[in-house]
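You will see two complexes here that share chain A, one where it goes with chain B and one where it goes with chain C.
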Partner chain A sequence: MAVNVDARGLSCPQPVILTRKALQEAAGGGEVVVLIDSMTQVYNCTRAAEKLGWQATYDEQGEVFTLTLRK
Partner chain B sequence: MKRVSGFFASRAGIIIVGLVLGGLAATLQRLGNPPNMGICVACFTRDIAGALGLHRTAAVQYLRPEIPALCLGAFVAALAFREFRPRTGSAPIVRFVLGVFAMLGALIFLGCPWRALLRLAGGDWNAVLGLIGLAVGIGVGVQFLKAGFSLGRTYPTRTLAGLAMPAVMVALLVLAIYYPSFAPKPATEAAGQAAASAPAPAALFLSKEGPGSKHAPVLYSIGAGLAIGFLAQRTRFCTVGGIRDVILMRDFHLLSGVVAFAAAALAMNLIWGKFHPGFANQPIAHTTHWLNFAGMALAGLAFTLAGGCPGRQVFLSGEGDGDAAVFVLGMLAGAAVAHNFLTVGNTVNAAYAVVIGLVVVAAIGMLGREKLPVAR
Partner chain C sequence: MAPDALAQVLRPLAEMFPAERYADLLVGLRPSDDAAVYRLGEDRALVATVDFITPVVDDPYQFGAVAAANSLSDVYAMGGQVVLALNVCCFPECLGAETIGEILRGGAEKVAEAGGVLVGGHTVEDQEPKYGLVALGFVHPARVLTKGGARPGDVLILTKRLGVGIITTAFKADQARPEHIAAAVDSMCRLNRGASERVQAAGAHACTDVTGFALLGHACELAEKSGVRLRFDARRIPWLAGAQEYAEQWLFPAGTARNRSAYAGQVRFAAGIAEETQQLLFTPETSGGLIAAIPPDRADGLVAAFRAAGEDVWVVGEVLSAGDLPRIEVGL
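Presenting the complex of A and B:
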């Protein structure tokens, strides 16, 4: 699985900024994978992605959340 | 694969929690906290700095139990929902400096963003200048962030490091409840007056008059603080984040909670006859419009670069975020600087503080722009 954005350990709103950038670059659609490390960022990045018309799901493994965005 | 769900993540959740928080803040005013200051992270941290003797402005010295309770409420919520994550390492000293200048700016306005909303809800139109300044500061901060500003990553750390700030807050709470004073009791009235003019070092200072002397009963303050901390941790309630997300991506989720907070406080004020509209003669406020604006612009910029409003920094410190804890300590130090250097209540000194603060924080914003590796 290719990771497009590694936003682990970054403060608000940097994960959102990086996620939006990645989604705008993949404007046509596809799959974008984002690594983050808190539920706060899961919520924030999900809202940012849904705003741009993407669907978000996440998986939690230990300290890391993998957010998968699809359009 | 899970989808984001649950009450606290929903629009209804943040609005209802915003209403509860605003209602609790107005209730604390009713119970004795200073007017339009049911909860103010800046003012209360300043009062704690005074209680600890870090500044000697006699009118603002009280160990406000709300601040430790806010942190511990968030701590409990984080533990209960497995979100307590000890982490640190993202430029703590820069965060300390941002905390200092955020505090200088907020105290020039006389309030944190929460109090700006409570002042607005009480009819204090000076708050409008502060809120416009706050939005401008956040807008500039967003531009730095878009240009690549970052304080770097935090990394998971020892549980010990995450527990440090909640432990400090427990100690403060114990002090707030027992309020020890080692000052000798004056034998005569004359000796009492002499002691009042040259106060002996005491364990804790306590205002006899002024805002510091006004407070709700300690247990109510603690109860409200714990509830607010718990709910804010669950919803990630953040005033700066509310404005920032609108500027950044036209997202009104957090802002809807912020508006609900102000609306609930306004409703309670109307019911209790505490809504007094106007610019002049507002409680714990001044009418120097440009300083209300510029002070909050400085604070808004510093909060944005640090990642959230002062309340949010307190909650994050309860979740184990050591860097947010350092920001909070920076605010405590900033309160001491503000009162010892008389940047509060002195227009000339305040003007110097705003200019120096804007230069320093803008320099941090410029120097912190790095091309972040998108994947590490």
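Presenting the complex of A and C:
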């Protein structure tokens, strides 16, 4: 699985900005994977992605959350 | 710092200085308020507060002015007039004398505009710049404005637009448009002096300023200390241009989630209030306006007084009688 955005260790709103940028570059659709490290970032990045028409699922492993965005 | 954690660390301090032992202490740690108030005589009390912040804008003069207006606001939130101020400075070694001079000039000019005098200060070295003031003022002991006096039926007014928090966050992320930043800086630089005088003249029952805990956090405190509930009308809440656009992009600062987790349990939103709007109402503000509970028969006169002075004011809600949680309702 290719990781498109590694936003671990960054604080708001940087993960959202990086996620939005990756989604805008993949505007045609597909899959974008984002690594983040808190539930707040999961919530914020999910909402930002949904605004752009993407659907989000996440997986938690220890302190790392893998957010998979699809359109 | 998260509001609940702050309350926890302050609790032992309040116990160390029990109010009953200090007859002239009108407002101290418990119940806490925007500033401390200490009676000096029959017709005069001292208002004391300190506040300092990290830069919210790039321009050093503007940063100084915003930080000073933000610090002085706590005196105005208590109904006081500014008398003395002291600089509180944390500057990195690499910051040039010219830049520091501009920060201090921005702050000093605000103190002068407030009618106060800058009399000293203290500087320590720090990696990230921080600036603010110790602000001292006077207030008549019978005219202190606290968070604790709101009565059912009072009208809630707000004296500045909301949104500087998300706009400055968007700015730090290079996402904000210059005209949005300029309006936010203007708003943050504006003293709450005139607003405080008019709110006091209208016989306000309670007052506080809107800063780091956001409109809803500060409203929760006012409601709790007054033993009432508050109802806001979401359609009447005024926003700075750009705030809703950046909310749509979900550029919320970390403080939004902190405030939401601390206060959401006390707030009920009507169905149909967008999630972005809810988030915005939990987003920290810097040098925000006053929120005050005004007797209903004085509200029209207050609005007219603001209009006559060329300043903004909005009626944003009402005070309800005590009841079960939620303390705050946001309606449509």
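In this section, the second predicted complex is superposed on the first by the 71 of 71 C-alpha atoms of A that agree within 3 Å, B and C clash if a C-alpha of one lies under 4 Å from a C-alpha of the other, contacts with A are read in each partner's own complex, and residues count from 1 in each chain.
Just so it is clear, contacts are C-beta pairs under 8 Å (C-beta built on N, C-alpha and C of every residue); 3 or more make two chains touch, one makes a residue touch a chain.
All values derive from a computational prediction rather than experimental measurement.
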- Message: Contact-wise, after the overlay, does A:48 reach chain B, chain C, both or neither (first, second, both, neither)?
- Response: both
- Query: Is A:20 contacted by the first partner chain B, the second partner chain C, both or neither?
  - Reply: both
- Message: Output check: A:58 vs chain B and chain C. Expected answer is one of first, second, both, neither. What do you get?
- Response: first
- Message: So in the superposed three-chain picture, is A:9 touching just chain B, just chain C, both, or none of them (first/second/both/neither)?
- Response: first
- Item | Which of chain B and chain C A:37 touches, first, second, both or neither | first
- Query: More residues of chain A are touched by which chain, chain B or chain C?
  - Reply: B
- Note on the structure: Intersected contact list for chain A, partners chain B and chain C 11-14, 16-17, 20, 40, 43-44, 47-48, 51
- Note on the structure: The residues of chain A that touch chain B in their complex are 3-6, 8-14, 16-18, 20-22, 37-40, 42-44, 46-48, 51, 56-60, 63, 68
- Which residues, counting only chain B, touch chain A once they are in their complex? 1-4, 9, 83, 85, 87, 89-90, 145-146, 150-156, 236, 238, 241, 244-245, 248-251, 253, 306-308, 323, 372-376
- chain C partner, complex, touching residues on chain A are 11-14, 16-17, 20, 40, 43-44, 47-48, 51
- Quick one: in the complex, what on chain C touches chain A? 169-170, 173, 175, 248-254, 256-257, 275
